[in-house]
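Have a look at this one before I ask anything.
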């Protein structure tokens, strides 16, 4: 991902990611490392500006583009690994959770922190977290919108290993891909989809309902007020 | 809970708990610590005397009161934490499992030990255990009616932390509530119910069947014989 | 199991196991240790020769015999424990996973390694693994067809304990059975079936479809080619 400063996911960047995933599939790619050009952030998650003072059709397109990208990422036939050498809140965490393996560096925060912002993480975000860290830890983390630090993320199984720095992180991600390289492609892909099918299907059959929840949510005046306050706090930080 | 000597749950005490939960909800309570007035017991669980030589209507009322109380406890909009500074077998363990967080003291035993008594823990008791410690550990513990000691309970994730004594236990429970205090209420509650909804629904849609299983079970002569022997062993212990 | 050299599971051996399980049930057996006569192998899994150059009716019978044996093993009313003092790939791992408790010795490999062979582990094999080690670890292991060594198997919860050698392994298996011996039979059995019912039902209602998947799979020319290469590599090893 290379959308400075923090790889926040707007409609355009989601479309870029989606096209990249399709291209990799068509090119019979043997593995993908999802990484960031930022020195400190993996991805800041959904671009909240797409939700501020929304227009109906643009907001709907944003959400459907996110769904499309995720349906593709979560079901790639090739191995995927997240090299998390920077913070990964909310949608950034979703990207990491959707890969097959996660390597992280020290001093990073990762989690679905939507609750802290007064937002409810979509069901499929929550499903991804539950699939990785289990029912109990997912309930505890999602109720509180908890951001895990590196040690906590490893301990709870949210990531698979810790590497000392960005270079080591990429090297370990490559090692994961190497470990998958000689596996028979068809069997590998079939097993992966078998595991992920119920989570994928849940979104696919409930796409319209999921979009509707998002739209109704962001069009609430108090939600808009919350987003406004949040954007103001961001601009103060950067000012 | 304050029903000496061991907070056993009879119809009256369950009604008291239920009323307290409703009152806390109406008063927009920001958090509840479930604790015990006993120095050694959190709650001894269901009052087995309510099952001994039962009358049909009283037995049905007992079970429905238990269901009502639990449906309320498991779905509170406010944060709940169990301060387990005493033993918590069977129904006592259910109460602890139904909170959002559990702090325990050393030298305590906790578990769904129904199997040891020849009773099958109701499905929703089992669901609560599975939701907290996962499928494998729940199967192993419930088949054997295992009572975990403090170290085992922590290790398996049945409790979240250990505190040195009752005062420290309450203090840590308060710290949990403090950690939840600034979270947006609506988002927090929505996420919690999202996680707990399938377990709640399973009982709600199967209430009559669940009650029938209980009634048919306790009206079996051999079950009555087992309860009689158990009550005799209790009176010997206290004698 | 005593089918030298490696307890591979052909139709005949599966029938023997099935008959033994039925007999133990009829004799009101109080517990079973599943063990191997081999010094180095628990069970090598399904006998791949049953899948090589198959005849339709024989292949169907093989698969239905495997299903029958497993439905019986997974649902025994008496406690079961696997004493894994030798390697347990694929179907050998399934046998171990289907017991209620697992003791292993050092320097053993265990896992559902079907993916490595270009085969997709049947859904119920995968369900058994998921029930024991959870969604995340099962996904990771099954995608890669990972063979766990003893330390990994303990760490991930695939086995319950490690014993120093075969004698200690059998002794610990006996200790598990002793721990279950005084539990009320009916309650114990009811809880066990309650946990395992959804996994059992999934195969029972989908038996024909499961058989069809197996048959269509092994009748593919490229699968036959893969089996042929594998058998050649085996005969080279032993040659």
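Per-chain numbering from 1; labels A, B and C assigned in written order.
In this section, a contact is a pair of C-beta atoms (placed from the backbone, for glycine too) under 8 Å apart; a residue touches a chain by one contact, two chains touch by 3 or more.
Please read these numbers as outputs of a predicted model, since none were measured by experiment.
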Shared interface partners, meaning chains that touch subunit A and subunit C: B
Copy-to-copy rotation for subunit B and subunit C - C-alpha atoms, rounded to a multiple of 5°: 120
Type of subunit A:subunit B copy interface by residue overlap (half), same or different: different
Mean-CA-position distance for subunit B and subunit A (Å): 36
Interface hub residues of subunit A, defined as touching at least two other chains: 134
Residue ranges of subunit A touching subunit C (in the complex, touch as defined): 100-101, 130-134, 157, 160, 179-180, 183-184, 186-188, 190-192, 194-196
Residue numbers on subunit C that touch subunit A, as the complex places them: 114-121, 123, 126, 134-136, 138-140, 142-145
